[in-house]
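Look for chain A in each of the two complexes below; its partner is chain B in the first and chain C in the second.
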Partner chain A sequence: MTIVTRLGMGALALTFATAALPAWAQTKIEFFFPVPVEGKLAREMTRLVKLYNESQKEVEVTAVYTGGYDDTKLKAQAAAKAGKPPSVVLMSANFNVDLKLSGDIISLEPMLKADETTRDDYLKDFWPALHANAMVDGELYGVPFHNSTPLLYYNVEHFKEVGLDPAKPPRTWAELVDAAKKLTKGDRYGFLMPAGYDYLGWLMEALSMSNGGRYFNEEYGGEVYYDQPSMLGAARFVEDLIFKHKVMPQGVTEAGGVSTSFFAGKASMVLLSTGSLSFIRENMKQPYDVAFVPMNVRNAVPIGGASLVMFAGQSEESKKAGWKFIKWLTTPETLGGWSRFTGYFAPRKSSYDKPEMKDFIAKNPDAKVALDQLPYAKPWFATYQTVAVRKALEDEIQAMMNGKKKADQAVKDAQKKADELMRPYVEQTSLKLP
Partner chain B sequence: MIRVRKHLSVALLAALLSAVAFLWATPFLWTLVASFRPESAGSADMASLLPDLHPTLENFRNALESGTFGIYYVNTIIVVTGVLAVQCVTVSLAGYAFARLRFPGRDFLFYAFLLQLMLVPPALIVPNLRTVVDLGLYDTLPGVMAPYFASAFGTFLMRQTFLALPRDFEEAAAIDGAPWWAIIWYVLLPMAKPGLVAFAIVSITAHWNEFLWPLMVINSPGNQTLTIGLASFAMGAEGGKEWGVLAAGTLLVMAPLAVAFVAFQRRFVDSFVFSGVKG
Partner chain C sequence: MSVAGATGIFDSVQRSSAMAASARRRRMRLLPYVLLAPSLLFLGLFTYLPVARVVVESLYDKPHGTGAATSFVGLGNYARVLTDPAFHQAALNNLIYAVGVLVPTLVLALAFALAVQRSTRLSAVLRTVFFFPSLVPLVAAASLFFFIFLPGVGLLDYYLARLGLRGPNWLGDSDVALWSIIGLTVWKNAGYYMLFYIAGLQNVPRDTVEAAMIDGANSWQRLRFVILPALAPTTAFVTVIALIQLLTSVDHVIVLTRGGPSNATNLLLYYIFQSAHENFEYGKAAAATLISVAILLAISFGSLRIMERGARGNG
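Our next item is the complex of A and B:
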């Protein structure tokens, strides 16, 4: 062996040794996260993870940005099938049922037990409306991270201009139609709501719930109520807004288009997520205000947002590390900070007891309205094949908004399609008789 | 009189073509204008094609800050050139085999090969990812490239290109005692260059713009490609759109390709026009 090769070997051995050093002390885990609102949230999330990595020595988290909610689900499931499951994933809160049924995510009950706490104790600090989406079949599967509800945003100048009192926003569907008729002028529409995939299903859930309905069976993943009076009424209402009252443009507008129309004064009232609060606050030039989603039968809105889940197939060590990271991400302080940064509301009640949060709410009364609507919040729909079942409704409602179908027919067809999609699950459960 | 009419029809044609070209270029124009518009998320003239009187670089600064674009560019260039380099070898050899060699089942094999074109890539995500993990290429750039090393489209294109070349040249070389590889390298490939260039354009644009597969394979921020960086502006689900930043980011991603196309436009057009046929 020449001296050069020996030196080389020595250097190589040294590199291995130093590279191996932190390995025995540190557990490396991966955390997949989508960016639900805009690019700067990705930066903030990366900053949080870096802060965590620097705060302790046992766990090193790699934050992996994974596109939108649907891409995140696709990537996490594909990685798990290929034998590289991520440890922790920030997942759309209504994917839990689906992911549990496919065996991709694990129950968090063992972690609660190891921490010597009970599920009830653990969930006590989270808003009651969030519990249903955190659990599947009575066990904890997801820890809520950021949440939202739909909210009515309205242009105060437009209200004054047509003689409406901005302090008294429409509370019922009747008042909404009235106001929207007055507000519609020239190329300005009185009302607008996003109708792209995901958003439309969520808003139709809000309307059917405000109409006394439930949208889906919270206890059982094989039933949706698309052709029931509550949804039929909601569908007819949207149809009327477009074709009878002519206060909403015909066709499908995506969320980006809705907020832009609102900023540009082309739409006076819009239904958007509370998750858009910061974005609207920063970009809206004219004075605006927010209000509850108007109701027909009762006040009710669905929860939206995302929760942290853990994937199956990881080592015990990795599970422990992942759970540690989840606990750090969901402290009242971290959740409060994230809430102020994004506009989502914090899932923990105690976040709102912190002085920074009290200051923030005092300065931003619109955030208070979002919080006040929480007691009326209900679970987000989650069924077997959640996305496909949701699209069954969305496709039909979009056809209706384009004037290609009548509301009555649309909900009937949506129900038929949804039933077909859920058939395999139903056959394995409710219809499997002794 | 006739001359006037001729002039008129030429002018009319030019006007018509300009109108079509303008229509086609509208999205690019809008992207260009919007990327320099200050605070375009909220302004009422967001949709306007007229440039703002006070252009700003703010959007570009925001876009560049939201990711490590330098690394994204390097990674994308590595992926695109790596894929192309291997593809050039595999598609010309496979194309040669299907065009010139005689072996049993050749045509059947060729058609079976073409069937690949019918498969939708997303259907192969999980099996491909499994293979990449087994090969130890997960979360590496070679893992992003691996599935594209063989190309059905490229093989088809090169086979057709070779078939169109007269055999005389090869026979002359063979009589002079050239082995098969020398025939390919010195005789066939130089004549098939337009075909290769045409294929290279298709390959480069496809892999430059690809989103889903790199997203699946790559985890480490240091290995991410441009499209994933861009997605962080474009994927907003619940909020609004920062149109200006989105436009600036889009420009940043497409600029190198656009510049290359303009620079080599003549070559490209020639390649497509003369693709393979010159005897």
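Our next item is the complex of A and C:
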């Protein structure tokens, strides 16, 4: 036997030994995560998972980057259908109702019981607005991970130029219209909001909530309030901004178009997510500031964002390992670090008691405004057939924004379509009588 | 050793060689199937099995979230698809899209081919320039056009503003959005189909063209009465390929509009995607898939028939 083969055999044996050693003790699980904004977040998430794997020996997590929110849902469901469900998935928080109804995700109540804690105790540290989206039918299904609310961003230069005080941004719809009229000049619009699918539904929820409404029944997945005064008022308001006050362009502008217009100085005030804070901070050349979403009846905004869910069909060990990983990912420190990195807000209140977070807020007053708006936050709409029911409203509002329909007709048609979509569920639940 | 023993050995050798020959023949007969087996296996696994599953799935329905079990509904899913206004709109959009793309694409492809058919150095450069858009993946092209179509600040509006014009909201106006998507697709495809026309032009008989010239036909007449008829098989072929492509790719719709605004750019394939993955209606999605496949098959067979007739007519 030559020295080379002997060395080779030795190396081989060593490989087997090291490979075999942790294998009996370690549970391997998969974690699917989307990155809605940019690639740099994917690297940060990979770094976190590596940190976790090195910090302990029982669980080895493989992080799988799965594209946007929709793709992540799709890929997780496809993997589950193929008999290889991911253990933990970072899922858009308003998919939870549908995923529970389709039997894709599991209740986290047994894990709470194993940890000898109660749901109330567990959720106590999370902002109250997040509780509704974490639960389905009274049970815990998701652990909030990163969240956002809509926010008004405005160009300070433009405010000064037309004699508005940048320290006093519009607080009400009346003030918004007023300011927007002054700011609209030539090819510059005073106000702009994203109206593509997904974003539009969220912002219409913000406007109807600011108008005293609820958008949907947060306790029951079979009801939405599209043809109610709160939504009708919000729809008429958007219609007026375009056709009466002429401070917003006709038609639909996607989120990318809105931020580009804001950067280019072609839109003075825009509604965008707090999740865009870092993006705007890095790309906006002119001075800007942020403010609460203006209100008509009360201050209220919906939350958005994602929570960690566990998929059905995994083994008991895998479930235990997944839950362990979730607990590590949602410590106040990890959530705080992720929040500073992304611009989303941290779902745990205690994250904001940490010194690093206090420093960060002191240095970034715009993040402070987002935080101050949180006490007014409300749940994100999630119903039976969430996407289709949301689209029912969006299609009609888009038609209205294109001048094809009046607001009154639009909300009526949206309600009719939404009711049709939810009928199978309603008939099996609240209309199923003894 | 006895003689008998020797003949016995001889017999058995002969017999065994005969057996070996027949075994070889059998092997030879099996050989093609053995060689085909890997491809057949994969074709079966990845093409026909999924097709069969879609057929089966289209006959069953499991109402989402109602706790009801999967049940056999026969043609129920097909009826639901065919009476769904969103399907009608997607089908109509797809028809407008197909015709709207096909006609300008064919005209441009032919014009490009005529312009660059002679091989000079300039035409080699032009060929590359015309062909370039087909090298760009559709997703990348769509991301590029996102910036071109940006309302107010995009490249298109920037140059229109220099001319003192104001463009519409290219992707956000429900009357314009589909045409913007059509424009992008024409830009993307014309160069590709130019290749087919360049090849087709090589086969136009020179002597017929020359005969027409001698008869005093001007260049338009030569194109109209000599070249175009000779190119008919190419046109038919390109039409089929293009139509299939127009029904089976929606990458740009996903990137740019996701079917909006108000479903104005929703195409059949995206409708199927939405049914399956947004609305949890797998049965309906399967039925819509088969309906689209039926349309594709009808187009293909129809065009192939026409093509054959055309080829015979020419011969």
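As a working rule, the second predicted complex is superposed on the first by the 413 of 434 C-alpha atoms of A that agree within 3 Å, B and C clash if a C-alpha of one lies under 4 Å from a C-alpha of the other, contacts with A are read in each partner's own complex, and residues count from 1 in each chain.
Simple rule for what comes next: a residue touches a chain if its C-beta (ideal position, glycine included) is under 8 Å from a C-beta of that chain, and two chains touch if they have at least 3 such contacts.
Note that the structure is predicted; figures quoted are calculated from it, not measured.
Look at A:R43: by the touch rule set out above, it reaches chain B but stays clear of chain C. In the superposition on chain A, contact of A:T260 is made with both chain B and chain C.
By the touch criterion stated above, A:P34 is placed in contact with chain B alone, chain C being left untouched. Legend: residue contacts after superposition of the two complexes on their common chain; A:N283 is shown touching chain B, with no touch to chain C.
In the superposed model, A:Q385 makes contact with chain C only, not with chain B. When both complexes are overlaid on chain A, the residue A:N402 reaches chain C alone and has no touch with chain B.
By the touch criterion defined above, A:V64 lies against chain B but remains apart from chain C after alignment on the C-alpha atoms of chain A.
In the superposed model, A:M209 makes contact with neither chain B nor chain C. Measured by the number of chain A residues touched, the leading partner among chain B and chain C is B.
When the two structures are aligned on the shared chain, A:V252 is found in touch with chain C, with no touch to chain B. Once both structures are placed on chain A, chain A residues 74, 256, 260, 264 are touched by chain B and, in the other complex, by chain C. By the touch criterion given at the top, residues 30, 34-40, 42-43, 46, 62-69, 71, 74-75, 78-79, 81-84, 148, 198-199, 255-256, 258-260, 263-265, 272-273, 275-276, 279-280, 283-285, 304, 343 of chain A touch chain B in their complex. The touching residues of chain A, counted against chain C in their complex, run 70, 73-74, 77, 98, 101-102, 187, 195-197, 249-254, 256-257, 260-261, 264, 266, 384-385, 387-388, 391, 394-396, 398-399, 401-402, 404, 424-425, 427-428.
Interface of chain B with chain A (complex): residues 39, 41-44, 46, 62-63, 65-67, 125-126, 129-130, 132-133, 138, 211-212, 215-216, 219-221, 224, 228, 231-233, 235-243, 245, 249. Across the interface of their complex, chain A is touched by residues 63-68, 146, 150-153, 161, 166, 168-169, 171-175, 257-263, 274, 277-280 of chain C.
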